[in-house]
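In the part that follows, the structures are each spelled out as C-alpha cells.
One chain, chain A, appears in both complexes that follow, with chain B as partner in the first and chain C in the second.
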Partner chain A sequence: MIEVKEITKKFGLKQVLKGVSFTANKGEITCLIGINGVGKTTIMNAIMNLTPINSGEILIDGEKLRKESYEKITFIPDAITMLPQMTIGDAMQFMKDFYKSWNQKRAAELLSFFKLKEDERISNLSKGNTAKVNLLLGLGLDVDYLLMDEPFSGIDIFSREQIADVFTSHLVEDRGVIITTHEINDIEHLIDKVVILDNGVVVKSFNAEGVRENEGKSVVDVMREVYKQ
Partner chain B sequence: MKNYIKLFNFELGRFLKFYLILIAITIVSQITGVIVSSRSYLSDANEFIYVNQGSMESFLEQYGQMSMHNITRTLWFLGPIALCVVTLLIYIFFIWYRDWFGKNTFIYRLLMLPTARMNVYLAKASTIFLMVLGLISLQLVLIPIEGTILQSMVPVDFRLDMSIQEVIGSFDYFGILVPYSFTQFIIHYGIGFMAVFIVFTAILFERSFRLKGIVLGIVYIAISVVIFISPLLVDAFLVPNYFYAIELFVMEIVVGLLVIAGSIWMSNYLLNRKIRI
Partner chain C sequence: MAVTFNKRDPVYVQVIRHFKEQIATGNLEAGQEIPSRRELANKLKINPNTAQRAYKEMEEEGLIFTEGNNPSKITKDEKVIGNVRDELILEAVNSFVDAIRPINVPLDEVVGLIKEKYTDKDGK
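So, the complex of A and B:
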C-alpha cells in the first residue's frame, strides 16, 4: 500500500500542498482528480522522491522510498523519460540494463499490442505513440505500483482507447495504480478509488463503484458537485 | 559499482560524437598548421636564398630556425586547444542541464534508477575527467607526430628539433594543460577536478532551490575557494613565511581533498533530499 500522510509542499511563497493524505492499494486503480495546478504532479513527484516535501510522510508498503524501491514502483510522467535520439529498442535495452524487474517478454507483448516498432526513433514519435512508449517502459517492469501523470493528455481518441484497454488487461492486474488526470471520461469505468484535490487539500475521497451503485452518480457528477461548492 | 560503470559508459556514449569531432578538428588543424607553417618558412627561405641571393646563415640570422616552438604559437595549433577547453567548460554545465530541459526529461529516468543517485553524479564527473585526460593524451601523441612531419618537410640545417618536454616548456600556457612533472600534474589536475566537483555541487544547489540556489551555489563556490586557499592566506597574512614550501604543498593537498570530500557529501545530500524536477 502507498500511504501519503499529511504532506505539505511550498514553492517559494505558494503553498501547493496543505496536508494531503490518502492511500492507494495494490490491485486498485486510484485516480487523483483536480483542475490544473492543484498539485497532482507534485504529489506524484513527491512519492517518487523527485521533489522534496516540507512535512508529512510517504510510505510504500510501510517503508520510506529507497533506491531499491524503484524496482517495485515506477512513475510514468507526461513527458518521455528517454533520450530523443534513442530508438524504442535502445530504450528497452536501457531498462533491461538497469532494472532487475524488467520483463522483456511483457515489453515485447506491449510492443506488439501497441503496434510499435523497435527501430523507431523516439524523437519521431507522435504524441500518442510517445504515451504508448511511456506506458510500455512502465508496464515492462514487474513493479507492484505504477504512477501515471496525465496519460491521456493531448493524445488522439484511438490511442486513448488503446491505452485504456491496457488497464482492463492482465498487464495491469494485481498492480496498484495511481493516475492523475482531469480528463476522467476515458477511464471512469476503470477507477476503483477517487481522490479529489482542490487548493492543495483532499476535498473528497471515495470508492467509485460505491458512489455509482449507492448514489447513482458518476465520478464526473461528484467532481462537478465538489467544484461548484 | 556495476551500475556506475554502466552509467559512465552511457554518459561517454552521449558525448562521443562531439568528442570525436573535437579530436578530428584538433588533429586536422594542428597537422595542417605544421604543413602550412613549414611551407611558409621554406617559401621564405627559397625567396631569400634563391631569389634574393642571400646566404643560408643570414637567412637563419634573420628568420631563426624552424621548430615546434614556432608551430605552437599559431592559431592552427592553439585554436583547437581553445575550442576543446571552451567546449569542455560548457559541457560541465550542459552535462546536467540537458537532462532537465527539452521535451524529453531524461532526469526523471536517471533519478528513478534503482541505484544510488551518487552514481549518476560520479558517472558525469568521470566523463568530464576522462575526456579532459583523453584530449591531453591526444596532444602528447600529436606533438611527436607533428615533430616528425616538421622534420620530413624542413631540412635539418634549417630546423631545431625539440623534445616533448622542450615543446611544452617553451610555452607557459601550454605547460598548464600538459604538466611538466608529476607534482605539477597533481597540482594542475587536482585543482581542475576539484573545480569540477565544486561547480557540479553549485549546479545541484541551483537545481534544488532554483533562484535561491543560484545564490547558494555562488556562496558555496566562494566558501570552497576560501577554504582551499586558506593555507596560503595563513602563510601570507597571519604567520608570514612561517611554512616551508613542501609544508604548504602538503597542506594544500589535504585541504583540496577535504574540499572534494565536502563537495561529494553535499552533492549526495542534495541529490537524495533536495533535488527537484
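So, the complex of A and C:
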C-alpha cells in the first residue's frame, strides 16, 4: 500500500499541496482527479521523491521512502523520456540494460498488444503511439506500483481504448496503479478508487462502485457536485 | 459478449444482470463453463476486482459454482434457473406497469394492445 499522509508543498509563495492524504492499495486502480493545476503531478513527483515535500509523510508498504523503495515503484510521465532518434527496440534495450526489473517477455507482449513495431523511430510516432510506448516502457518493469501521469491525455479515442484495455488485462496483473487524469468519462468502469483534489486538498475520496451502489451516482456526477461548490 | 453499462448502477450488479439474461434466454446453459474473472474483465472492459465481486455474488446466489481449481460453471439446479427467468419476467412486467399506470389506460385496452404488439415482430 502507498500511504500519503498530510503532505504539503510550496513553490515560492504558492502553496500547491495543503495537507494531502490518501492511500492506494495493491491490486487496485486509484485515480487522482482534478482540473489542471491542482497538484496532481506534484503528488506523483513527491511519491517518486523528485520533488521534496515540505511536511507530511509517504509510506510504501509501511516503510518510509528510501532508495530501495524505487525498486517497487515506477513512474510513467506524460511525455516520453527516450531520445527521439531511438527506435522502440532501442528504447526497450536501454530499459533492459538499465533496469534489473525489466521483463522482456511482458514488454514483447505489450508490443504486440499495442500493435507497435520495434523498428519504428520514437520521433516518427503519433501522439497515441508515443503514449503507448511510454506505457510499454513502464509496464515492462516488474514493480508492485505504477504511477501514471495523464495516460489518456491528448490522444485519439482508439489509442485511449487500447490503453484502457491494458488495465483490464493480465498485463497490469495485481499491481497497484495510481493514475492522474482530468478526463474520467471513458474510464469510470475501470477504476477502483477515486481521489478528487481541489485547491491543494483532497475534497473527496471514495470507491467508484460504492458511490454507484449507495448513492446511485456516477463518478462524473460526484465531480460535478464537488466543482459546483 | 458486448455489454453497454450505464454509469449510475454498480457495475457488478449490471454484470450479474447480464448473466441472468444469458441464463434466462438459454445462451448460457446449465453446467456451462464461464470465463475466468480476468477474461471477463477483459471482455467486458471492466475492473478485474468488479468482475471478481460479480462472481462472488453469483456464487453466493447459487447461479454459478466452482469445483476446486476448475473454471466456474453455470448452476445445474433447474429450480435456480427457473427462478432467474421468473425474476426477469416479473421485473420487466413491473417496469411496464409502472410506466403505463400513470397514463390511466383501461386494463382491457392495455391487454389488447399488448396482444397486438407482442405478435408484431417489429414491436411497432
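As a convention for this text, the second predicted complex is superposed on the first by the 229 of 229 C-alpha atoms of A that agree within 3 Å, B and C clash if a C-alpha of one lies under 4 Å from a C-alpha of the other, contacts with A are read in each partner's own complex, and residues count from 1 in each chain.
Please note the rule applied: a residue touches a chain if its C-beta (ideal position, glycine included) is under 8 Å from a C-beta of that chain, and two chains touch if they have at least 3 such contacts.
Please read all numbers here as calculations on a predicted model, not as lab measurements.
**Student:** Looking at the overlay on chain A, is there a clash between chain B and chain C, or do the two fit?
**Tutor:** When both complexes are placed onto chain A, chain B and chain C end up side by side without any clash.
**Student:** Using the superposition on chain A described above, determine whether A:97 touches chain B (first), chain C (second), both, or neither.
**Tutor:** In the superposed model, A:97 contacts chain B only, not chain C.
**Student:** For A:220, select first, second, both or neither according to whether it touches chain B, chain C, the two together, or no partner.
**Tutor:** Only chain C; A:220 stays clear of chain B.
**Student:** Examine A:28 and indicate which partner it touches, taking first as chain B and second as chain C; both and neither are also allowed.
**Tutor:** It touches chain C, and chain B stays clear.
**Student:** Which partner does A:157 reach: the first (chain B), the second (chain C), both, or neither?
**Tutor:** It touches nothing on chain B or chain C.
**Student:** Considering only the touch criterion stated at the top, classify A:188 as touching first (chain B), second (chain C), both, or neither.
**Tutor:** The answer is second: A:188 touches chain C but not chain B.
**Student:** Between chain B and chain C, whom does A:212 touch in the aligned arrangement: first, second, both, or neither?
**Tutor:** Once the two structures are laid over each other on A, A:212 reaches chain C alone.
**Student:** Is A:83 in contact with chain B, with chain C, with both, or with neither (first, second, both, neither)?
**Tutor:** Only chain B; A:83 stays clear of chain C.
**Student:** At the Cα centre of chain A, what angle separates the centres of chain B and chain C, to the nearest 10 degrees?
**Tutor:** Taking chain A as the apex, chain B and chain C sit 160 degrees apart.
**Student:** If you take every C-alpha pair with one atom in chain B and one in chain C, what is the shortest distance in Å after superposing?
**Tutor:** Nearest C-alpha pair, chain B versus chain C: 28 Å apart.
**Student:** For a test of understanding, state which residues of chain B touch chain A in their complex under the given definition.
**Tutor:** 3, 6, 10, 14, 102-106, 108-109, 111-117, 208, 272-277
**Student:** Provide the residue numbers of chain A that touch chain C in the complex, in ascending order.
**Tutor:** Chain A reaches chain C through residues 27-29, 164-165, 167-170, 188-192, 208-209, 212-213, 216-221.
**Student:** Given the complex with chain B, which residues does chain A contribute to the contact?
**Tutor:** 45, 48-52, 67-71, 74-75, 77, 79-84, 94, 97-100, 122-123
**Student:** Mind pulling up the chain C residues that touch chain A in the complex?
**Tutor:** Result: residues 5, 7-13, 38, 41-42, 44-50, 53 of chain C touch chain A.
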